[in-house]
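In what comes next, chain A is part of two complexes: it sits with chain B in the first one and with chain C in the second one.
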Partner chain A sequence: MTQLPALTDKKLGLVIDLDTCVGCHACVVSCKGWNTENYGAPLSDQDAYGADPSGTFLNRVHSYEITPKDAPAQVVHFPKSCLHCEDAPCVTVCPTGASYKRVEDGIVLVNEDACIGCGLCAWACPYGAREMDQEEKVMKKCTLCVDRIYNENLPEEDRQPACVRTCPAGARHFGDFNDPASNVSTLVAERGGMDLMAEQGTKPVNKYLPPRPKTDAQPEPEIDILAPLLAPIASDSKGFLGWLDRTLDKLPGA
Partner chain B sequence: MAQPVLETSPPVSDEVRKTTCYMCACRCGINVHLKKDADGNNRVAYIEGNRDHPVNKGVLCAKGSAGIMQVTAPSRLKAPLKRVGERGEGKFEEISWDEALDLATEWLAPLRDKAPEKLAFFTGRDQSQSFTSLFAQAYGTPNYAAHGGFCSVNMAAAGIYTMGGAFWEFGQPDWDRTKLFMLFGVAEDHDSNPIKMGLGKLKERGAKVIGVNPIRSGYNAIADEWVGITPGTDGLLILSLVHLLMSAGKIDFDYLANYTNAACLVNSDPDSPDYGLILKDDEGRALVMDRAEKRPRCFDKPDVQPDLTAVWENNGITHKPVFHLMLDRYLDKKYAPEAIADQVGISATRIRAIAAEIARVAFDEAIELDQPWTDFRGNKHDKMIGRPVAFHAMRGISAHSNGFQTCRSLHMLQIILGAVETPGGFRFKPPYPKPATAHPKPHSKVTPGAPLDGPHLGYPQGPGDLALDADGNPIRIDKAFSWENPLSAHGMMHMVIANAHAGDPYKIDTLFMYMANMAWNSSMNTAGTIKMLTDKDENGDYVIPRFIYSDAYSSETVAYADLILPDTTYLERHDCISLLDRPICEADAVADAIRWPVIEPDRNVRGFQSVLCELGARLNLPGFVDGEGNQKYADYADYITNHIRRPGIGPLAGFRNADGTGGGRGEANPDQLDAYIENGGFWMEHVPEEASYYKPWNKGYQEWAVAKGFFDAEQPYLFQLYVEPLRRMQAAAEGVGEIQPPEHLRARLREAMDPLPIWTEPFGEQVSHEDYPLHALTQRPMAMYHSWGSQNAWLRQIHGRNPMYVPTKVWEANGFAEGDWAKVSSPHGSITVPVAHMAALNSETIWTWNAIGKRKGAWALDKDAPEATKGFLLNHLISDLLPPKEDGMRYSNSDPVTGQAAWFDLRVRVEKVSAPTEAQPSFPVLPDLGVGQ
Partner chain C sequence: MHPAPSIIVFTVLSGLGFGLLAFLGLNMPDVSGWVLFVFFAVGYGLAGAGLLASTFHLGHPERAMLAFTQWKTSWLSREGILSVACLVVLGLYALLAVFFDTKLGWLGALGSVLAVATVFATSMIYGQLKTVPRWNHWTTPALFLSLSIGGGALLASKSEFAGLVLLFAAALQIYAYYDGDTRFKARGHSLNSATGLDTGPMRLFEAPHTGSNYLMKEMIHQIGRKHAQKLRLIGMGFGLILPAILLLFAHVGHVLVVPIILSHLAGMFVLRWLFFAEAEHVVGLYYGKHG
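Moving on, here comes the complex of A and B:
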């Protein structure tokens, strides 16, 4: 059993905007690229050109259909990675202390030197956010790019997770949830940021912004309200041209 | 337990080199991080977006980040190959570059002296067309084009003829100002990062997004409103919106009168030889009625007040403004929502609501910018007025046989709102706008042993510009610019193999292709195309005698070629993303870019363009040899630096002149490529503020454009709601003039070449709806571009198979369950494939991802790879020819105006079948090339 810190100085994490995510997988591959070269063991691939290719990813995008009763079906793209929970069951279950939550910023990490690859943490995580690397037999997970966000070898503007830096639609935001004025705190307040599976009691740090209500989910508009915008001028070209001439003649300078 | 001590500032890489991505056609700027391996060689460690780059501003898509795996892909070719077995057997021997170029020269040199048209050179998804076309022109064959004919030529041509540009490379929505954005059809492939960035901006501002697409995936998933339209009816929906907006007077009369040809006068006397043509002065300039002086005056006179209503009678001939013709057509009740609702699959109430929303935003939420500007007539304006409604569309509405007129309809809708080149609407990107008249016309005059008489591709203005011989037969092998498809501005690559095989209009000797997977996903009728490539004549010779192909990977097509010229990856080569070609500018900036070898190839491959520099010299082609007959350009980098297209204009516009200060115009600079590298791989200059909008008519923009070298004289013009070149073709079909279409095409030309946008039923609808009750489409996954990335170890884990998605109604009617398979049949063929349920789908439409399916053995994938056993192509259901007409004629499955391949006209039926061992049709395994890969 490993202890969680009672409090962390910062509470770093992501806000993921489900109203904006188009499901392009840019974050998935950028993450794969960065983390193959950086923190800990590379993210390996098995049978990469074969019949059953698979590999380690720290972030994956799932797509779900929602079928409201009286409205057209919808599709939601749902990127998922470690949520860096305050009450992280993956940490407390770890028999060697390899899984831990950092005191300074709340990032949940795996110390690969201490990881014995038992996989208990992956079982404990209700989100399926951890993946055992099949080559190295160590547990891999999102590090929130701990080797980017403080990295003085990177320009300051690049000190953010690779997935956030690359997201073309700007659906991913990184910041400190302990700071009520931060970009992430503001977004959560304004847009009703939500916990994923709050009932699990894990207190995830990452938050999801729900899709805005679709206008096609509302009943078809009453024609009367719109009628003035589309009131026909005339039923034929002749009537229309007469109207246009009269209108233009009324304009100043005509 | 204490926390481990972490190094939070580890070194990132040894070096960052900035170049241009080529994982799709978007062409983002990338930072390539390199690390030295044990031998001191540079290895690509990480790729990220370049923050300074005008296209992507730092972001990068899944494909771009996965580019690293293209370099290490086992499917990469290793050396030039010569076929030693039969075509398709995959038996090759590795040869040297000298041997390869000797062989190519041995084939091509005698051909040039005798019959250069017997070389068909088609360059696929080429981004160096201004160079490859120069080669083809110097060689003298009329048979050259890239892949636009099977891609989105309808969008491009409709845009150029109507307003001097279309979407993507030509222009973009005003993402920062638009308040209502309407997206038609699949758009996830072209301009991919800018659209995602734009959607993000709209979402941030809370602007409304309406998605019109039978399938609610990708961008449509985040649209506020989804319009699940019936495929092929977008044009009808658009014309219904036009009907409602015009009927209510919710159109911009001032804009129409001043900046479009709505006030131009059309000869309306059916007995006149000029019937349907626009009244012009002696110098050929269009005339409009002046509202003050009540007489026709030239459209560009400083004080002219173009009148949309007045009619001009002259010598007994009535001339009506184009606007009259528009009213006559679009006020017609046949475009009323009630009349079309069933056909488009959208309720009349919804259609009215969309029109009302457009009207409200365009006119009640109009934008005014305090930016003075001067128009081309010399009138000064204090403000820029915007109608903040923007649109975007690409292949979805293009790839139908009614696509040209549908794209025209969309451009017309934008124009009547006054939402083109105004704040909040659609904005051109330099060097566009550029009207059709400022583009070349097609050239096709062949002289053995000499260059062609001019550029191959262009924009015909009338029957005299068609590529026809003295007997009226097509001169080009693809029959582009013939009466079958007169405005085929991008050629018709999808017809080359079929026509060459049929010897219609003639036999060829050598097929020479680059980056085009014709033996698989780039052809309609894939199995038929493979057969054409392997077919032999009565003498036992191949019907298409020689096939030279250049590719970087062992694609399906490699196995069918006789000589393979192995290309490099995009990280190992020079390229220029040129203003002369397919630019990457932004609405606020002119820009171009380069690729350069950020790593060296570890094998015997060469950039295709550098190979052409040498082949051109061996063939002694003008422009490829110097005065002494020596090779003029050592390689493509040399060409990029030193080629002069017009005085002061070269492939790259930036850092010209010896001191590198020239932007746009200037002498060649020997250090130009170094200057680009220094600057991050691109060059950019901002459009002046006063030139930001109204570009076609803005004196400030026109002057700047001339200074930058986009054109040599100011060329303000009117948007062509009424397209006269179409009318000239239509008039010929009515019997006017000496150049006449064949009888069997007259009726179809009269309808198709309508000078005002129309909607006609797609040709594909002319099959029994009882036998084929459903539409079938493909969508483009954002994480995979055509077949390019399909061997990519990372991307294939995201898109390694492609089920056929089936709507609820069809799912239930067939009693489908998860894991089931279906036989999908069209009039052309059938496939047996896995199905999956999707509710967010038009109830009459099934679909799958494009080009995930692979042939077994290709791309160095295991023969049991899911791409080959469960993945499939829809191409097997699509014929290159339509079913025979009553007279036995079979027309190409293409748009009758441009020849664009009608991929999306497909109708099918679905039947549940027991699961086969693998997707059908199944092709024999392509053999391991043994050498090379």
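Moving on, here comes the complex of A and C:
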């Protein structure tokens, strides 16, 4: 059903810490690895070893440069996947009911057997979270690893999305935003978690933690007790270098 | 957006076809027998060809029947239902009118309403998308409807009315270009808002991958920008203004109407191509576009 639930029992989603992400793309690889062989159709590649390779990914990492006026420039690595929006425009536009938002946990999923591959949901998503698989001709998107998080065949520590489990920097967090005491709710409250493209009114569940400002990136100049010993010793050079020094000094425009 | 030929053909032909059917349902022109049959055949041919072309855009057309289920929220689903309802209702009306010389006015009127509603639903598939500010505006349904009614009137030999509607559509199109050109920025979309980071000017430092992807080919695709202004004038000139002038000021018989229709069609294909080619999707911001 493409009608959105007014409330979901749980509100599962991710917190992505832009301060911590090092841009290693490990989440991209683990996501592709898990999801190409589990939920639904595989994530195909086209011309993978050729001149124009492309493929279906559910998670991609962009990198941006910010140049604040009064602070040093900053590079921010920016992982982006489905934000499992509360007001998900991708769900309501779907003509077949293939797209839906689960009442029990708020995960937005595609029933691939009902997908006609019209692509309208991808057009409706501001975040580029949905990609049409060019081999299977159905819409693929992040499932929040719905086949891991409830999977009792996996050890308990593995029952979280593949991207979160794999992140070597600890920049990705998974939890229930409906629970004010959860790890994700706490992080959002403490670090000022923010929405992407809030003006689109999608009410994304996933939140991003802004990078901490780099205002004190340049420390106070240190006093070096060896400095006097390291001063240049040759105050009056002789020989060829001395001649060169004096000659260059005489040239205009120095 | 990528101007997919199947969608351009679909929206132009079905718009024209449903426009003609709307007039036929209102008994305009007032003809009967084989003449009426030919009019209906043209209307059904255009609408049908358009709907058929639209299925070429689907990855799994064999599941198309499912698209009739989600009318509560989806304009695409509503369009499917309305178009089939229109074709069934007017099919019955045409059958009685052509072969039994019985014109059920209420049935035809119902079919006309459904035809106009179908075009409105088509326009709302695009007009609803907040992600494409150029489309997300009342001018989109207004344009689709006036173009469809103008084209339909042209095919239904309502020359003066067609001329007036096409002139109105041209004015509307100019306003849509004028207002649409600045809407992306006016809505406040920027790389800063897209990332939630507002500490300073931003630019794309590195893309997620060196190659292309579905999103870039489908939504971030930029084409025809260099000639956009010329193409706008060509599309409006041949599609709307030239036909309107001829329809209003020349005595249009059955012969002259053919080149006018062809001119209108050619212009409409240019305008509809531009409608897609010029549309900027907000996802482009993440890829360093529209900044």
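We take it that the second predicted complex is superposed on the first by the 213 of 254 C-alpha atoms of A that agree within 3 Å, B and C clash if a C-alpha of one lies under 4 Å from a C-alpha of the other, contacts with A are read in each partner's own complex, and residues count from 1 in each chain.
We adopt the following convention: contacts are C-beta pairs under 8 Å (C-beta built on N, C-alpha and C of every residue); 3 or more make two chains touch, one makes a residue touch a chain.
Here the structure is a predicted model, which is why all the values come from computation and not from measurement.
When the two complexes are overlaid, the chain among chain B and chain C that reaches more residues of chain A is B.
By the touch criterion defined above, A:Thr2 reaches both chain B and chain C. After overlaying the two complexes on the shared chain, residue contacts for A:Asn38 are found with chain B alone; chain C is out of touch.
Look at A:Val75: by the touch rule set out above, it reaches both chain B and chain C. By the document's definition of touching, of the two partners only chain B reaches A:Glu157; chain C does not.
In the superposed model, A:Asn183 makes contact with neither chain B nor chain C. When both complexes are overlaid on chain A, the residue A:Asn111 reaches chain B alone and has no touch with chain C. Looking at the shared chain after the overlay, A:Met197 reaches chain C, while chain B stays out of its contact range. In the superposition on chain A, contact of A:Trp123 is made with chain C only, not with chain B.
On chain A, the surface touched by chain B in one complex and the surface touched by chain C in the other have residues 2-3, 28, 52-55, 57, 63, 65, 67, 74-76, 97, 114, 211 in common. Chain C makes touch with chain A in their complex at residues 1, 57-61, 63-64, 66-67, 69-70, 72-77, 80, 125, 128-132, 187-189, 191, 193-197, 199-209, 211-215, 218-219, 281-283, 286-287. By the touch criterion given at the top, residues 1, 3-4, 6-13, 33, 35, 45-49, 51, 56, 58-66, 68, 74, 188, 192-193, 196-197, 199-201, 203-204, 208, 216-228, 244-245, 247-250, 253, 291, 308-309, 324, 327-328, 331, 347, 349-350, 352-353, 355-356, 359-360, 782-783, 791, 793-798, 800, 838-841, 860-862, 864-866, 869 of chain B touch chain A in their complex. Of all residues in chain A, only 2-3, 17, 19-26, 28-30, 32-34, 37-38, 45, 47-55, 57, 63, 65, 67, 72-77, 97, 100, 102-103, 109, 111, 113-114, 146-147, 149-154, 157, 162, 165-171, 211-212, 214-216, 220-221, 223, 226, 229-237, 240-241, 243-245, 247-248, 254 touch chain B in the complex they form. Residues 1-3, 18, 28, 52-57, 60-69, 71, 74-76, 78, 80, 89, 91-98, 114-120, 122-128, 131-132, 134, 136-138, 194-201, 208, 210-211, 213 of chain A are the ones touching chain C in the complex.
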